[in-house]
Amino acid sequence: MPEPLRVIYSAFRMAMLHWIADPQWIIPNIIAPFVFTTVALTLFKDSTGPFGLYAVLGGGMMGMWGNTIYSSGFAIEFEKWQGTLEEVIAAPSKLIHVITGRAISNAFFGLTNMIAILIIAVLGFRVSLGIADPLMFAVSLLLTLLSVSALGLIFASAFVLSRSAQALTNGLETPLYIVSGSMFPIALLPFWIHPAAYILGPTWGIDAIRLATSADYVSQSFWSGMSPAMAIFLDLTILILITLTYVLTATILFKIVEKRARITGTMVQA
Amino acid sequence: MVGSSRNTDSGKAIVAEHLCKVFNTTKGILRRTKTQVVAVKDVSFEVDYGELFGVVGPNGAGKTTTIKMLTTMLIPTSGKATVLGYDCEKDVTKVRERIGIVLGGERGLYTRVSAVDNLNYFADLYGVPTSIRDKRVKELLDFMGLADRAHDRVETFSKGMKQRLHLARGLVNDPDIIFLDEPTVGLDPEISIETRHMIKELVEKGKTILLTTHYMFEADELCKRVAIIRNGEIVALDTPSGLKKYVMDTSVVEVEGYGITEKEVARFKEIPDVVSVSAELGEDKQVLKLQTPKGSEIIAEVQQILKNSRIYDIKIKEPTLEDAYLRLIES
Amino acid sequence: MNNFKIFLSSAVFSFRAQFDWLNPVMWLTMKFVLSVSQMAFFVFVGIFANAPIQFIAVGNALQSVSWNTVFSVINITGHDKWDGTLPLVLATPANRLPLFIGRAMIHVLDGLISAAISFFFAAVLFGVNFGQTNPLALIVAVVLTAFTMAGFGLLIGGFCFFFRNPMVFANIFTFTLLIFCGVNFPVSSLPLAIQPVSYIFPLTYGLSAARSAIGDVTIAQPGVDLIQIAPTLAQQLAVGLAAMLIGYLLFRSFENNARKTGKMEAV
């Protein structure tokens, strides 16, 4: 069997080639994050506090979400539209590795929203953004990206197993922006939403990213009272554990997808 | 090369044992009624190493479904598919690593990306060792005559070029067995001829090929043995000359005319000595083919039945594989 | 009478094209979820930023019409082109104007339902106090906004006839409203140079009128009556009709262009 990492990288590279060929296709997926973030920046304009942090980092987070729902969710459908789905399934590589490569690329390209917002924030709103701990920032960002990708895998298999799941994409976007605490602390939300927030890996990831950006943030993080280093460590540990559950769930779902494809001859639940 | 990747020395590249595939479909929106479609009823055959084996049949006969079962893409409802000694249902990865599949047409390629990138990608998905991947991709592009367009986007390729690239993709893992599903359908005649030539070259290199087609002349030209499938079952399996023997006792009387209608065709079918009738009723002309042991003796009856139509030409021919096929399909 | 029939059948067709794939339960669920979640997002951002919540909630409540009147209307173009039915439709002798406008009208109705649901949520979930509202003024402002935004949708939709995929434009324009129309913050918060842009959108006028009609309980400011918002509504109507007219001209121009060049499908 071909090596998983090689397949993942190859699929990532193929997705990158497609993005270079048609960069405009990302626009629909990041318009909402871009606009929402711009509005947030404007609302934050007259406030004092680490709002630049929230806006720029939150913008990146929302970009990852937006592109993951729409691109990863339809990753398997994309192969169908290209006419390559059967050929990809017929190959000895596992479908989940192929889609993983694509999901990672989608989360990665979703970060373009962060760059767009960063430019506007620095030029238009004169937000200054220094990073306190660049290493932990990079590590946290990478792990968060992988966590979002893992969720993308779940979307990809769910969208194939159920037509209703596909139809829900429109309604999924904004609730995720809210629940993930991308643009404001979870503490502001009604208590009964908090569990939904805590089971999302990226919620912990963005907490770690904010901690790595600004040491002052600790008091607003999930771990006020602890040192930033400890808080980051705890965030990332939880993030990794949750992401592993996503990967396990996705593995099971993909097995079901492939089994169904081999028995019924189709991918989609009619 | 071939011997090292087999599971057993049983000597058979492909074994289909009583393959059956039933699809369950649901119809309707409010009241969902379940129906079953039997795509393949009972198909059994064996293919030797190095053989070019043909499966022919009308649309919907079960050719593609059979190929998909043999290439792990479908799990049979019952029966067993064995390729290179490996079970297609259970040893999925082992089978997939060693076979090539070309499902016909120009799809199966990423059109917004170059030929080289397409082949490299599939080489990765097939686990072609990185040390030889680039070399093999280059060789394949050379073999297919696409070397000078290697870095162009596939969407700029002609239909024939896409087909050749599709074939190259099917060979990227240097498979022992190649499954070709209607490889020349929709292609221009020159390109079809080229494609058939390439298929013959592959067999000369020692590959085993299973080919489906609904062009009888293609099966006749290429295949060592041919299985005729109808309604999910094999109705005949033999060499092309063996199959033609089914119709050796008859000649084919071909009538070309104008003004021939279904009514006349029905009358021909009623004649006891006419074994089968096939009719192409076009707008400008109609062509009838009658299989009959009577040969030229039937001409008088033909003229009688067609007295109100215009007859342009009557030919008497030796039966071809297509005639044998038509006879076997109809019976 | 014939024109009215064309108008009606065009409207019904558009409705079915949009909703054939969606069952009623799903449609209603989506309406509720969409209405509430966008409003909730900005309200929470607002709370975090210490911005006025009523302003944000009302803004999002009225903006909710644009999902139907702008997004869906722009996409009507796409459906026809992708389905290949456009040439057939244009081959009919039907009068173009009722045909063109009829398409949008069912979405106006849909938009009003969205707005009603959103205003309900604004009151019940986000505590907007409608105690001082002048109901007639508010209702007229909302209905006129839905109607004129459909005109705006037809304008962009008309422009989109010349492009391959209107979905991208539909997305861009529906979301851009959040920045320019005074939905979450007043137009005055925008850079001075950009502010004029806000006034090409009928929604900007509608929001101004609607907010005046609602008044503000916290500062004991009562909602104004219809007469007082009439000038604003008149401007809104003018902008909306102008948009509809331009959209119609673009549609005719596209049709003529298609007849000359023979190109109609997915340009």
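Each chain carries a letter (A, B and C) given by its place in the written order, and its residues are counted from 1.
One rule holds in what follows: a residue touches a chain if its C-beta (ideal position, glycine included) is under 8 Å from a C-beta of that chain, and two chains touch if they have at least 3 such contacts.
As the structure is a prediction and not an experimental result, all values here were calculated from the model.
The set of chains touching chain B and also touching chain C is given as A. Taking the mean of C-alpha positions as each chain's centre, the chain lying farthest from the centre of chain A is B.
Comparing per-chain C-alpha centres with the mean over every protein C-alpha atom, the closest match is chain A.
With centres taken as mean Cα positions, chain C sits 55 Å from chain B. Between the CA-based centres of chain A and chain B the separation comes to 45 Å, rounded to the whole angstrom. With centres taken as mean Cα positions, chain C sits 30 Å from chain A. Multi-chain contact residues of chain A (touching two or more other chains) are absent. Of all residues in chain B, those touching chain A in their complex are 23-26, 65, 68, 71-75, 93, 96-97, 101, 103, 107-113, 117, 120-122, 124-127, 130, 153, 169.
Those residues of chain C whose C-beta lies close enough to touch chain A in the complex are 21-22, 26, 29-30, 33-34, 37-38, 40-42, 44-51, 167-168, 171-172, 175-176, 178-179, 183-185, 189-191. In the complex of the two chains, the chain A residues touching chain C come out as 24, 27-28, 31-32, 34-36, 38-40, 42-47, 51, 54, 124, 164, 167, 170-171, 174-175, 177-178, 183-185, 188-189. Contacts from chain A toward chain B in the complex involve residues 1-3, 6-7, 9-11, 13-14, 17-18, 21-22, 82-84, 86-93, 98, 261-265, 270.
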